[in-house]
Amino acid sequence: MKFAIALFAPPHAPSSRRALRFAEAVLAGGHEINRLFFYQDGVHNASGSIVTPQDELDLPAQWRAFVERHKLDAVVCIAAALRRGVLDAQEAQRYGRTAIAVTPPWELSGLGQLHEAAQQADRLVCFGGV
Amino acid sequence: MTTLHLLSQSPFTSPLDSTLRPLGVRDGLLLCGDACHALQPGSAPLEMLEHLPASVAVHALEEDLQARNLAAPERVQVVDYPGFVELCTRYDKVNGWL
Amino acid sequence: MAKAMLIVSRHSPWSGLGAREALDIALAGGAFELPIGMLFLDDGVFQLLPGQQPAAVEQKDLAANLQALPLFGVDDLYVCRQSLRLRGLDGQPLALPATPLEGPELADLFDRYDLVITL
Amino acid sequence: MTTLHLLSQSPFTSPLDSTLRPLGVRDGLLLCGDACHALQPGSAPLEMLEHLPASVAVHALEEDLQARNLAAPERVQVVDYPGFVELCTRYDKVNGWL
Amino acid sequence: MAKAMLIVSRHSPWSGLGAREALDIALAGGAFELPIGMLFLDDGVFQLLPGQQPAAVEQKDLAANLQALPLFGVDDLYVCRQSLRLRGLDGQPLALPATPLEGPELADLFDRYDLVITL
Amino acid sequence: MKFAIALFAPPHAPSSRRALRFAEAVLAGGHEINRLFFYQDGVHNASGSIVTPQDELDLPAQWRAFVERHKLDAVVCIAAALRRGVLDAQEAQRYGRTAIAVTPPWELSGLGQLHEAAQQADRLVCFGGV
C-alpha cells in the first residue's frame, strides 16, 4: 500500500518519534511512502538548528537520515514554517533573515502537496498532539 | 468507510467523550502515548472503553504500555509497529485525534 | 474520482493557530476543487459564533476566511450539537449554515468520507 | 499569602475543577483568553464559578470579553491592563495556570 | 531571607518536555539553596509511579532526576490526592515520599509559599 | 513595585501578546520590570527568524522593540532554546550550526536567572498556555 504521512507536532512531542517509527515500519513491511508532510509545529522536525542533549534522541537528525536513506519526498508547509521561523535559503533571502534552518532533501511548499499526497495514497496517517 | 481512530492524549486532560462520539460500530481504536492511561484499572475512562459496542476493536501500542508499566485488559489487543501498520491497512481510513 | 476529505476543527478561534491552520487545509482543498467537508467539534464551535470582535485582541478576523468557504466550493459544514450544548450555545444563531449533528449522525458523517484530518 | 490565579485555558478543554481546588477563601481569580468562556450563561463552568465563596473576587479581562462578545455577570469585575497590574499588587503573589 | 517557591507540575512524564522543564526549575532552585516545594497535580502525578520503563519509548529516565530532588535540598514534595483518585492510583505505592493533600490542604499549601510557578 | 515577568508560550499563543501588553502596562503604571525570562516555547519570542504575515501582529518584533526602548534585562533560557533551535552566535558556533536566531539585547542564560529575578522582584508573573 501507499502511505502519506503527516506530522503536526514538534520534535519533543512523543508523537514525532511515533510517526518516525511508524514510517520505518511502513517501509519495513514492504509498503511505500509517497510523501511526508510536516505541518503546524511539525515543521520544527525539519530544522537543522535544534540541538538535542547528547543522551537524548535527536529526532530532527533521525528524520533527516531516514528521508535521505530512502530518498523520500519530504515537504514542509511553507506558511507554517515561516510563522515558526523555520526558513530555507530562498525564504531567508526573500524576507531578509540570516538564519537558514531547512536544507535539502526537505522542501518548503504549500498545502496543495498535502492534498495531492492524500489523494494519491491508499492511506493518510496524521500524527500530532502528544 | 470504516475508521481506525488513533488516540494519544491523556483521557484525564483531554476527555474521551468527544473522541468516542463519532465512533462507528465497525470502527477501531488504537491507544498510544498517554491515551494508554485509559486502561488504568478503577478509572472512569476504562469504564467508558468497556461500554463500547463489542464490535469496536480496541488496541494499544505495546511500547507505551511497557513504558507506563500498564497491563492490557482482555478486550484490548496489544500491537507493535508492524501491527500498527497492518491495522491501518485493515480499516478504510485513519483518523489521528491530536 | 477525487477522494472526499473531512476536516475536523476542534480549536477555538482564540487559542492560537489551530483554527486557522485547519481552515487553511479546507481552503487549499477547495482551491483544488476537491470535495471537502468541515466538522466543528469541541471548542471549534466557537468559530461559528456571530458578533466576534477579534480586533479587541489585535487579531485578524477568522470569520472572513470562514465566509470564504462556500466561494471555494466548501459547502458541507457540520457542527457537533453536543459540543454546542455543553457550551450553552444550542439553539443560538450561527454565523455559518452548519448542520447540527447528534452522536450517531457524527458516526455516519465520518463513514461517508474517504479521508479525515483532525486539528 | 493570598494568590491571584490567572486562568486562560478554555474550561471545556481544560476542566476547571483542579485549578479551583487550591483556591483559598481570600484568593482572587482573573479570567483571560478562552477561560472567559466560563462566563457563558447556561454552561456548567459558570455554575462552578457562581458556587465559589463570596470572599473570592472574580475578574475578567475586558478585551477578551469584547473579542468573544461576552457579558460579565454581576459578581465578575471587568479589568483592563492597568487594572490587571493593580490586581497583581493587591494579592501577595500571582499564579498563572498555563 | 530567601522567598520560598512552590512549583506545580501538571504534566505526565510522557507528554513532552513539561515534566522535565518543571523539574529543572526545582533543581536549579535547589542548587542555589532556595527553599523549593513541588506539588504534583493532574497528570503530573504519573511522574511518581514506580516501575516505569522510559527506555521502551527511547526516553531518558525522569525518575533519576526526581530522585535527585532531596540531594538538591528539595524535600517538600506534595501530591494532590484527588488527582491520584481520579486516575485510580489512590493508595498505590509512590516512587517518591510525596505527601498526599486533599482540597483544603492544597489551599493551605499555596498560602505558605511566597512564589508559585505552574507548568 | 518591581515585576519579574516570565513567558512560556510561543508567539502565536495569545498569552505572548497578553504578556507584552501586561509588561507595557507595568511600566506605564510607574512600576519596574527587573527581568523578562523566556522559557519553554516562549523562547521563540526572542527569535529573529520568525516571519509573520504582514496583516498580523509581529510579536517577536514587538518584544524586541519593547526591550530595546526600555533597555530591559531580557533572558532566554539556554537549555530550552537549544532544544528548540533558537541559537545565538556563540551556541551556533559551539554546536556547529549556521542559523543564528537570537541577537542582543536578548541574552541566553540559565534557570538561575529566573530564580534570581523572582527573588529580587516584588511580584513574579508567569504567562503561558493559551
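Order as written gives the chain letters A, B, C, D, E and F; numbering starts at 1 within each chain.
Going forward, contacts are C-beta pairs under 8 Å (C-beta built on N, C-alpha and C of every residue); 3 or more make two chains touch, one makes a residue touch a chain.
Given the structure is predicted, the values throughout are model-derived calculations rather than measurements.
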Farthest chain from chain F, going by the mean of C-alpha atoms per chain? B
Of the other chains, whose C-alpha centre is the longest way from the centre of chain A? D
Would you kindly state whether over half or under half of the residue numbers at the chain A/chain F interface are used by both copies, giving same or different? same
Just give me the whole-number Å value for how far the CA centre of chain A lies from that of chain C. 26
Starting from the mean Cα coordinates of chain C and chain E, work out the distance between those two points in Å. 39
For the pair chain A and chain F, the C-alpha centroid-to-centroid distance in angstrom is 27
Nearest whole angstrom, what separates the Cα centre of chain A from the Cα centre of chain E? 34
Would you give the residues of chain D that are in contact with at least 2 other chains, written as numbers and ranges? 10, 13, 33-34, 93-98
Residue numbers in chain A touching 2 or more other chains? 8, 12, 14, 83, 124, 126, 128, 130
Could you check chain C for residues that touch two or more other chains and list them? 14-15, 17, 42, 57, 59, 115, 117-119
Listed in rising order, chain A residues that touch chain E in their complex are 12-14, 17, 55-57, 130
Using the touch definition up top, name the residues of chain C that touch chain F in the complex. 14-17, 57-60
Which residues of chain E touch chain B in the complex? 12, 14-15, 42-43, 46, 49-57, 59, 86-89
Residue numbers on chain D that touch chain C, as the complex places them: 10, 12-13, 33-34, 37, 40-44, 46, 63-64, 66-69
Chain C - residues contacting chain A, complex: 2-3, 5, 17-18, 21, 24-25, 28-29, 31-32, 34, 115, 117-119
